[in-house]
Amino acid sequence: MRDNGISRRRVMQGSLMAAALAGGATMFGPWKHNRVWAQGAAKPIKLGLTCDASGQYGASGQDDLLGMRMAIEEFNAKGGVLGRKIEWITTDTETNPATATRVAERFIAQEQCAFLIGAVHSGVANAITQVAAKYGTVYMNTNSSAPSEAGENCSRIKFVWDGNGTNFSKAAVRNAVEGIGKRWLLLTNDYVWGHTTAASTKALAEAAGAQIIDNLLVPQNTRDFTSYLLKVQQLKPDVVATAIGGDDLKALRQQITDLRLEERTAWINNQQDWPDIWGAPESLFGVFGTTWYHKLKLPGVDEFVKRWQAAFPKSPIPVPGNVSYNGYMATRELLRAVERAGTTNNGKVIAALEGHKMPAADRMQHFDAYIDAATHQVQQTIYLARRNAKPSDKTDLYEILSQTAPANALDAAAPTKCKLVAMERVPTYEM
Amino acid sequence: MLFNLLPHLVNGLTLGLLFALIALGFMLILGLMEQINLAHGSLFALGAYFAFVIATPRLPWPELNQAWATVPLGWRYTAALLLAPVLVAPVGLVIERLMRRTYGRDPLYGLLLTFGIALVLEDAIRTVWGTRDYSLPVPRDISGGFFLLDLIWSRYRFWAAAFAIAAMAVVWVVVERTRFGAMVKAGAHDSEMVQAMGVDIRKLRAGVFALGTMLAALAGVIMAPVWGIRPHMGVDAVVPAFVIIVLGGVGSFWGAVLAGLMVGMVVGLSGAYASEWSLLSMYLLLILVVTFRARGLFGKKSLLEA
Amino acid sequence: MAPLFEARGLHLRFGDRVVLEDVSLAFPAGTLSGIMGPNGAGKTTCFNVLTGRYRPDRGQVLFGGRDITGMAPHRIARLGIARSFQLMNLFDEFSVFENVAVALPATRRRVADPVGRAYGEPATVAAAMAVLERVGLADRADQPAKSLPYGARRALEIAVALASDPQLLFLDEPTAGLGSDGRARLAELIRALKRHVTIVVIEHDMDFLFGLADEISVIHWGQVIARGTPAELKANPWVMASKLGDGA
Amino acid sequence: MPDTARAHLVRTFTPTMLLTWAVLATLPFWVERVGLYQYLAVEVLIWATYALAFNLVLGHAGLPSFGHGAFFGIGAYAFGLAQFNIAANLWVCLAAALLAAGMAGALVGLFISHRRGIYFALMTIAFGQVFWFIAVKAHAITGGEDGLLRIVRLPVELGVAAIPLEDNLSLYYGVLAVFVLVSLGLWRLVHSPFGRVVKAIKQNEQRARFIGYDVWKAKFAVIVLSAALSGLAGGLFAMAQRSAFPDVMSLHFSGYIVMMTLVGGGLVSFWGPVAGVVAFLLARDLIGAVTTGWMLWFGMLFVVLVMFRPDGLAGIAAGLRAAIAPPPRAGGG
């Protein structure tokens, strides 16, 4: 039971309704539940999976969902959490914040979800966060990597599982300035994620001694980059650092590789998501970041990939990538935190997550990771990669160039921007 | 300065030709039938998807697909270019069939009907092919880059622009120099007269719609390597198309061509010198022109204003 | 005395086609004037210039001595000039009553009122009913306009023009599509109206016009080729020979 | 003719109106019993307000606007910006939403009130895109695609007391109050002299001009009014969402409001748009829970309606009524 006013009101409405209907049959909603509990068993814990199925991040959202489902199935296979089975529900959030708000409201108020998981788009993540914060519902932002997620838009109830633009810049910029050249050009998607990422790249590059010769702002939904590419050629920079996202990047990639411009200039990209790569692998270019790769030479990775493939033989993408990985890790760590807390009480679950350390082996990364108590962001290994010239199979698209320890990729400014509200001011619940 | 500007002018020109190509089928149906086809973008997208199925190849019959895959890409691509529009044409004919109920009514109904059809087709594409992006492979001869003005240019882009010119020339000849075109133009203004000439007006309308559909699909195939293939590409195409039509003036062939070039120039130049404004530029151009020339550059008075 | 309405030297071209050439007309108050001419002679275009739909290239339109050349139609209408249309031009979704009621000066004065009840005052209803009474449609007031038979629609077309209580009424081919019965009734109606309002009628039907008009102008090729009383025109063999009235 | 007079005297309150209000007023007591949730009810009311405002242009004035989302969105942003920069007071913020959208409507109206038919539709699309683009682009003001966040559900200040609207239930009744006022006001409007003249212009612009009406001015007024009320609904939406996002200004969302209004029967019925909103949002929620391709099905339904019943649900209902009982005499209803 929620221990705020909501439950009492619900009871009152219920009795009013019962009186009105004079014992009439109760109707149930049409939602597709994944009921896994037998009659009489303990009440299951319900997770609301807020994944895009359409819009700009539809493909990523569905890949994210597979990771979450895999973690849930693993827990259910061993008897659930706290002796309770785990149920889940998902609805298309349409890569649209307004839709995400409604879905979050429904998951919390109507579906009585204990926790929410999932986001790729930062607007969607913000929308869900605002609703969740109102109810105190713990929310895992799996894949939205705007630096503001762990900065000005951080929240006590939200945990951010992806590496962000600043992390990737930190991992990439200094080496590039020293190794490649000092004349830098920025190619930036003209929206919040692009701007914040470009700003952090600019600061880091200038600190390393580079000169930013121009910053070309590319409107969102640009498909034809010819005029920018001509401009890039005219300006003749040593390095082009891009902060272009989603579909726009796919289009850019294709045009650059078609013209072989990668051979003339060094390109540094921010994070590239596996579902975006998978659609057009031939157009990978430059150096880019990721948090995980399915052919990392680490113990457990192969076995994890096999389990994933066995669970989702019909997945449009045949192997898990960073997006699905984040979905899996966020869900698994949330459920583990519930186990550690011994309750679904949100305050206790948050406490169990804050500052939690996750060994490298357990996360299948090179370095230990931890959940930053100040920003609620997972600080983890950041990989730089480029296109694999000698792939071992058709999924082997990356050549991993380096791994950066969390400490060296840390966004130092984030804690000053992030103001978490005190736990006492968060509505509490236990479901 | 001029030397710096020149590449962007060339770019704007090629872009403009492609925009004009996208708008061409839209223009035909709007100008000759006085029907707005908002599903134009979906037909454009279908053309790209069908071409993708043929060229990659991803035919739904495994044996045939295997045999076809051994054919060189050049042939597969050519087949896609020729076949995809033909395959999309029936979809256009179905839309025309549905639209018949709106003939003679307020043109608003045609607009609403095709808006609904566009939503349905976009979701159908999503259901069949998923939300992810695909790319259309292009034969080596027309892909890659070449040097011009000391810069690398996309070969495909010039090829596509040349193709756009050819397609426009064919349409011009069909509309202006053939009996079919004469009948269509007459039918647009006086359907009774055409019927008196012994022509089945319904077949004529279906013919125009089929032609418009094939042009939309053809534009989709041509644009696929530039824009990529994804469910949303239809909306990306239909919006510039209607901007160009309104700018050029409803019913004017040369208006559409000129407007396409203007939009291309404006988008190309703003992309280079005021990049943040490049997407907005075409709307501002539209509002500017239409404020001073109510019916666009070469527009005539039309039923659509009623 | 100056005529109520006067047009002086109107010229109008559409592209390279001259539609009106030096057309001068005068309609004295209290008279019924006719404009006659074959199809395409420029009669309706002339009407459109007189009522503000087109602006002439040259020339002047005067109403009560005031220059109204090129004035917007709604302003001209407010001065007290009303017109009917050759192709019927009604508010099809409205009832017969509302077609007239919306055109009343009382409604027009309240156009900026967004909360009051339209036609709420008994005087408004009475005024509308009075107009319908005059054209013989009072008993059909509640019918939808589009359900009326053709002849009744013709009458309503005139009623809408009358509703604004004009000083000058232009009727554009009021007999179009009417049978002989309908024409007779319409002639009756126009004769009755003539007592209250100055009327100008465009007509094909020579007999219809000859029976009603005080003076008739004949327009051909965009020019006024003859003018006179019905009797004078009947005596003009040239006018009669050209069978201008043919083809109703 | 007392009969005629009575037929044209429209009552301020009608049975349909009171029934609609009553159903909406009791909704929170049973919405969860039918498998729905309070927040959805809030959205239904807001979109219903928006649809009624939109139908002023589409149904009553016959102006096919495909860019109305801009006004809704501007209202939402104005509400948030007023809250942050002027005063965190409900009245101030709602007034800001109304005014800002009304001003945007006036600007657009200057360009389009003399356009007709499809040209009108195309120009509204262009303006809608411009506003949408500006909203995405001006992130310093609007927060760009991240949205304008942390908008507070402000309490109703009544001088002596303040009623909080924090939870969905109280917000619902707050929005209901606005809905009742807007629907009552619009009902009066469409039966006022101004409303009838607008209706006349819709049917026959030329004739309206020749009986002495300044058609452009009337259309301009309708556009401004509809934009302002859409903005008001947008302001409420910002409260419900606790944020404002550019997406509602996109071409798709502008198209959705046309769909909702038309499906409900806005062309023939005052209350039709409300039915359309309910149908659309329920379909989105119910079909959307089963399949992500819900628009495929709803789109087909829409296509069929446009083809066979452009008068929408209201037309179907009227058809059913006529089939059951002989039709009543025509009147204002």
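First chain written, first letter: the chains are A, B, C and D, and each begins at residue 1.
Simple rule for what comes next: contacts are C-beta pairs under 8 Å (C-beta built on N, C-alpha and C of every residue); 3 or more make two chains touch, one makes a residue touch a chain.
Here the structure is a predicted model, which means the values were calculated and not measured.
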| item | value |
| --- | --- |
| Far-end chain from chain B, centres as C-alpha averages | C |
| Approximate Å spacing (C-alpha centroids) for the pair chain A, chain D | 36 |
| Chain B and chain C, separation of their C-alpha mean positions in angstrom | 48 |
| Intercentroid distance (Cα basis), chain D paired with chain C, Å | 41 |
| Numbers and ranges of chain A residues touching at least 2 other chains | 53-54, 190, 219 |
| Chain B residues counted as touching two or more neighbouring chains | 126, 276, 279-280 |
| Residues of chain C whose C-beta touches two or more other chains | none |
| Pairs of chains found to touch, sorted by chain label | A-B, A-D, B-D, C-D |
| Chain B residues within the chain D interface of the complex | 36, 98, 101-102, 105-109, 111-113, 115-117, 119-120, 122-124, 126-127, 235, 239, 242-243, 245-246, 250, 276, 279-280, 283-284, 286-287, 290-291, 294-295, 304-306 |
| Contacting residues of chain A [partner chain D, same complex] | 5-6, 9-10, 13, 16-17, 20-21, 26-32, 53-54, 91-92, 96-98, 101-102, 105-106, 109-110, 121-123, 126-127, 130-131, 134, 146, 148, 153, 190-193, 195, 219-220 |
| Residues on chain C engaged by chain D in the complex (per definition of touch) | 51, 72-74, 77-78, 82-83, 85, 89-95, 97-98, 101-103, 107-108, 110-120, 122, 125, 129, 138, 141-144, 160-161, 163-164 |
| Residue ranges of chain D in contact with chain A within the complex | 28-30, 32-40, 43, 136-137, 139, 143-147, 149-150, 167-169, 237, 240-243, 245, 247-248, 285-286, 288-290, 292 |
| Residues of chain B that touch chain A when the two form their complex | 4, 7-8, 11-12, 15, 126, 130-135, 143-145, 151-154, 156-157, 225-228, 230-232, 236, 267-269, 271-272, 275-276, 278-280 |
